[in-house]
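Heads up, the next two complexes both have chain A, just with different partners, chain B and then chain C.
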Partner chain A sequence: MNAQRMFRLLCRGTLLFIFASGLFAGAFTHYSYTHQFRDIPNTAPSAAHWLGTDALGRDLFTRIVYGTRVSLLLAPAAALLATIIAAILGGIAGLRGGWLEKIILATADLSMSLPLLFVLIALRALLPLDVSPILSVVATFVVLGLLGWPASLRVVWAASRNLRDSDHVLLAQALGYRRSQMLFRQVIPCLRPIFLAQFWISIPIFILTEATLSMLGLGVMEPLPSWGNLLRGSEDFSAMAANPWRLVPLVVLVLTVICFQFIFPGSEELA
Partner chain B sequence: MRFSRRSAVLWLAMCSFLFSAPSGRAQSGAELHFCLHGEPKTFNPILVDDEASENVRYLTGGVLIRVNRQTQALEPALAESWQVSRDGRKITFHLRRGVYFSDGSPFSSEDVAYTMKLLMDPQTHSATGDAFRSGEGTIGVQTPSPEVAVISFPTPVAGLERLFDQVAILSSKSPKKEMSVLGPYYVSEYVAGSHVLLRRNPNYWKHDAEGHPLPYIETVRLDIQRNRDIELMRFRRGELQLINRLDAEQFDRLQKDSPGAARNAGTGLDGEEFWFNQTATSTLPDYKRKWFQTTEFRRAVSVAINRADLARVVFDGYATPAFGPVSPSNHFWFNASLPAPKHDPQAALLLLSRAGYRLENGVLKDIAGNRVEFTVITNSGNTAREKMATMIQQDLSEIGITLKVVTLDFPSLIERITRTFDYDACLLGLVNTDLDPNGQLTVWLSSGEDHQWNPNQKTPSTSWEAEIDKLMHEQASTPDEKLRKAKFDRVQQIVEEQQPFIYLVNKNALSAVSSDLAGASPVALNPQAFWNIETLRLKPSPEMGASK
Partner chain C sequence: MRLTREVFCCIAAMTHWTLKLAQKLLLLTSLAIVGALLCATMVRFAPGYGVDERELDPRLSQASRNAIRSQHQLGGRLFSYYGAYISGLLHGNLGTSAFLQRPVAGLLKERAPFTARAVFLGLATAWMAASLLSLLTIRWQNWALEYSATAVTGLLIALPTAVVALLCLYLRAPVFLGIAAITLPKLFRYQHNILAQAYARPFVLAARARGVSRNRILFRHVIPVAWHPLVALVGVSASMALGAAIPLEALSDSPGMGQLAWQAALNRDLPLLTSITLLVTLLTVGVNFLAATPQERSL
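The block that comes next holds the complex of A and B.
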């Protein structure tokens, strides 16, 4: 058990370090993430460029650090948006039941049956062209948040439906609690662990979705770096073998996703 | 062991085949293997409008006149000779005798007439046929004898003979219709999404200098493979013998691993270009439209772009800065008097200041005080174009221009540049398959739908576009090649002065050829690596003896 706690602490520490490096990117590197050293594209790691340079001669370490800021700040925001939508709609569906429940669940099922990637591509194409890169990033993650709620909704709905028939909620009803009192004193405290779990699970999902969109060239706009568009450099596996340091963005992404999975105690530990 | 009469016949047949086989066919049963980069949309040669179908047409179609891809000169094929009338309205073909289609049906002038009739039928919607439509009226074909075909056009058609390089003759009598061919191979098997198998046409008319029938290779298997990395991996494993149109990064890697296999045929015909939206009906604000319609603005942007860096960084040096609409590899039509492209931010700023723009704290502003910033769109998934756009972004920032780069999926991009005109600038590539400028008529005529910066104009909106229209019409209606060249040189000069298209680079024609394949000499023209398919040979593999 101690080993598990140690591992969890390690994951938390790693995530904290990655977050901090993104937030205080300027303290970690003195290069601009846009500057192209055109005489040294695709160069190997050196004292001047710790992780070498990308295909246009931009410092790869700098781009990873600034990319962390973009991906790790906006993915939680998108996850929060998706979780709030799932919590509200899932809660209403589970607690109210009836025709409203049917409509909400049908909407969620319909949303889940749509191929998310194509919907994202279509929405992205509808955005006006004349937006700044920062705004495009925000728009990308807002769209992710607005479309990423149905899976979480199902979980919240199942939990709140169980809660509706639970003894303590029935007792509260019998004692004459008002609806708002029921919601804030009985329902939300019981569902909080589920909301939190959905939030933490959604973050890596949104990071990976943004990465997929960027792999398709539809994510964060150049020259702004994100983990997604940095991963585009690893499309070519044979080039990776010759330049293994180009795998660093992938390693950071995998590490982050793993850490997100282990920062909270598992159900066995809680038991 | 029983020695039956039937096995004796087989044995004799085998012996006679072995002893009579010419040296050129020593690898009987040999199979050449390479990839198509998409599904062929059709095997009907007159309906071809995609690269995969065009490759199949090149391998299977018999044409009257062939453009030699190496010398760029015309060579007799199914027509032993031809004459074009002085007024350029009539061409007389003297056809080769004793030629048969792959199914054994004889070839005659009736087949030429049948093909031309189908090609020019408006119901056919043939892109190949469009090139022959010089003016109002119908095309007449006379067949005074089985060996002579005379084709008359209502108005003169410039560069008429070259157009026949794309016209594969169909059989008028064969029940197999377009599957009966006169080219070196015929389609033997097609599995959608998997492969096209071509077999040697036993009736192909061509022989080598020693009288051996061509082609040497028995079968060609064309795998349908869109993923270029997988294609390269298979080539490295020895499963493929050639790759056409390698990108620079793949070529560079191949050259490091197996330098003998990487073939650089020099500057190709394909180019990358950038243009501003100048359409009157676009949703652009007036001040932006004014920037884009100002010659000095376009010239300044052109001068500010470092093309040498684009060629070196994005294409690993396997590209050359583009001079204009014609690549230097198009020997006849390239205007060698055009100035070499230069990168000079100071000259760009000078041009801009003459047009009333001013640089304030590193930000360029127009005469009304608007910040000069615009968006360039390109197709997502094309890494080279995305890299070019990002480099241009930095180049333009040196003269105070803010460039935003937006990548769109291809259908959305086409929608914007052809229908809604909701864009500022676009970066795309140009694939040139035709050497003759007549192939670009719809690009240069102001009424053309491919006149991308301002298409489908009723009357030319600028004097220089009117001059281009006049020159293009004039060159298209005279058979005098020198006069045509002079007129198209002037078109190139106007384009260089006005920069409606800002030409960036011409990519090299890069291909991979296995050491198992003999006789390959890739060229800049399509189909680069297998233009001389008839004379390619597969070397005997050590493990498998004579056949591979």
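The block that comes next holds the complex of A and C.
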């Protein structure tokens, strides 16, 4: 087994462990993420509180583990939504062509001409800020999913346009396949690797965007933890220097995004 | 006779190209205006729109309060707002900011140079660093260099924009360095892939087999092939840099367009947000268009 495959397996293992810790958060900690230990705010790591407590006396390790659940379960959900939109619109544009293709591509161009973060900040700021934490999570990730499709659409559109002119699709047309048969037997199986690639590529992008939005106060609302809102206090540099363990959410986030970059073989390896 | 035919062909080609250019420019301008008006629609239907805290001031008379309300009612009729905005736009009037109580054109004129300078310097730094790094990795084909470059850019790409902004603030680094740090890893990956694909072409292999020096292969065979996709990257990188400027300027309190956009979004400032969106869209589509033109002409 060469070094690259070993590294890839290590990344997959790390991601699996982080996912599992978020999913089975209750098995890793017996505290609640909202419980306040009022007599020990800002305490250092100890046997009772592995990563200490925050300014409100909440156990930081517990908040990171539950924050993992929020970030790592909803980012794939947003990625799935974006991929489905891209698959439907890109597929229609590529396979149908004509004026519908032009309209869909112009819409994608319009969406791509605006920086994603700019639109996200504008749109999220326009939604009510005094919503319940659960609703803020849903709003953040639905907005991410609804706005994150144009780049994937271009890829799906290019692939489905090539597919429209391919020999096996022409043969299927000549054999009199119905549209649904063509779609489910010829088109979707060929485009499945592209959908999967777009889905996996979108996840780290959404994790990072959520972190930025939450750090700006427009993402997941307190007391629900997410990696982004756990980093909200990091602009207080003196507190961070005195309590460096508060940077653990950033380390977990960076580690996760790095692992996502290496879980699939590179093009050179595939070749 | 032959000369006349050539002149005629040349004129026909030029007319065709000018018409295509005009059509494209019209489409891009329409896209930008539609983007700005969509943004205005979002603001209009946002919760909290039309609420003015000045109405709570007990010193104001009923007439003043009515005047404030009527100001907001102008934006309340969305289609009349669209018409008034486009008509004002044609006369060079972008309206008055509801939040800052100043003409939008003046605000944009005041803030745009800060962002333009930061984006330009950030892009220039990122392009220089990414080009140098990708050229070095392609030229030497050394695994240590390749892995080091991948590790550094992989780490930078894994940092949220807001964390980079805080790092800039902590290190007292200018905003353009933050933009460069955010744009560099993505640019390096694109550039490296484009150059690696060009390096894997059969004629490069033939040149290598004939013993042509690596520098000559790079500058005579690889870069000319990769040139057009690399130029097209300028548009993508400009969009990335503009996107990065907003949180960077908002968090580091830099008096640029990013901070203005941030304030406009939070204060539901319809004229200001519409004009910023229009400007950002025009800039992005304009740069994308300029970057894509040489590629289209070569096809």
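Heads up, the rule we're going with is that the second predicted complex is superposed on the first by the 243 of 271 C-alpha atoms of A that agree within 3 Å, B and C clash if a C-alpha of one lies under 4 Å from a C-alpha of the other, contacts with A are read in each partner's own complex, and residues count from 1 in each chain.
We adopt the following convention: a residue touches a chain if its C-beta (ideal position, glycine included) is under 8 Å from a C-beta of that chain, and two chains touch if they have at least 3 such contacts.
Everything quoted here is computed from the prediction, not taken from an experiment.
*Asks:* More residues of chain A are touched by which partner: chain B or chain C?
*Replies:* In the superposed model, C touches more residues of chain A.
*Asks:* So, A:Ala242: does it touch chain B (first), chain C (second), both, or neither?
*Replies:* After superposing on A, A:Ala242 lies in contact with chain B but is clear of chain C.
*Asks:* For A:Ala93, using the defined touch cut-off, is the partner it touches chain B, chain C, both, or neither? Pick first, second, both or neither.
*Replies:* neither
*Asks:* For A:Arg38, is the partner it touches chain B (first), chain C (second), both, or none of the two (neither)?
*Replies:* first
*Asks:* Tell me which partner A:Leu231 touches in the superposition: chain B (first), chain C (second), both or neither.
*Replies:* Only chain C; A:Leu231 stays clear of chain B.
*Asks:* Which partner does A:Thr212 reach: the first (chain B), the second (chain C), both, or neither?
*Replies:* In the superposition, A:Thr212 contacts chain C only.
*Asks:* Between chain B (first) and chain C (second), which does A:Asp109 come into contact with in this model arrangement: first, second, both, or neither?
*Replies:* So A:Asp109 only meets chain C here.
*Asks:* Touch test for A:Ala75: chain B only (first), chain C only (second), both, or neither?
*Replies:* So A:Ala75 meets neither chain B nor chain C here.
*Asks:* Quick one: is A:Leu56 in contact with chain B, with chain C, with both, or with neither? Answer first, second, both or neither.
*Replies:* first
*Asks:* Check chain A for residues that touch chain B in one structure and chain C in the other, and list them.
*Replies:* In chain A, residues 121, 125, 216, 235, 237 are touched by chain B and also by chain C.
*Asks:* For a test of understanding, state which residues of chain C touch chain A in their complex under the given definition.
*Replies:* Going through chain C, the ones touching chain A are 27, 31-32, 34-35, 39, 42-43, 45-48, 154-155, 157-163, 166, 169-170, 239-240, 242-244, 246-247, 250-251, 261-262, 265-266, 268, 273, 277, 280-281, 284-285, 288.
*Asks:* Where on chain A does chain B make contact in their complex?
*Replies:* The touching residues are 34, 36, 38, 41, 55-57, 121, 125, 129-133, 136, 216-218, 221-223, 232, 235-239, 242.
*Asks:* Within their complex, state which residues of chain B touch chain A.
*Replies:* 229, 232-233, 249, 253, 309, 312-314, 375, 377, 379-383, 386-387, 389-391, 393-394, 404-409, 412, 422-424
*Asks:* Show me the residue ranges of chain A that touch chain C in the complex, using the header's touch definition.
*Replies:* 106, 109-110, 112-118, 121-123, 125-128, 204, 208-209, 211-212, 215-216, 228, 231, 234-235, 237, 250, 253-255, 257-258, 261-262
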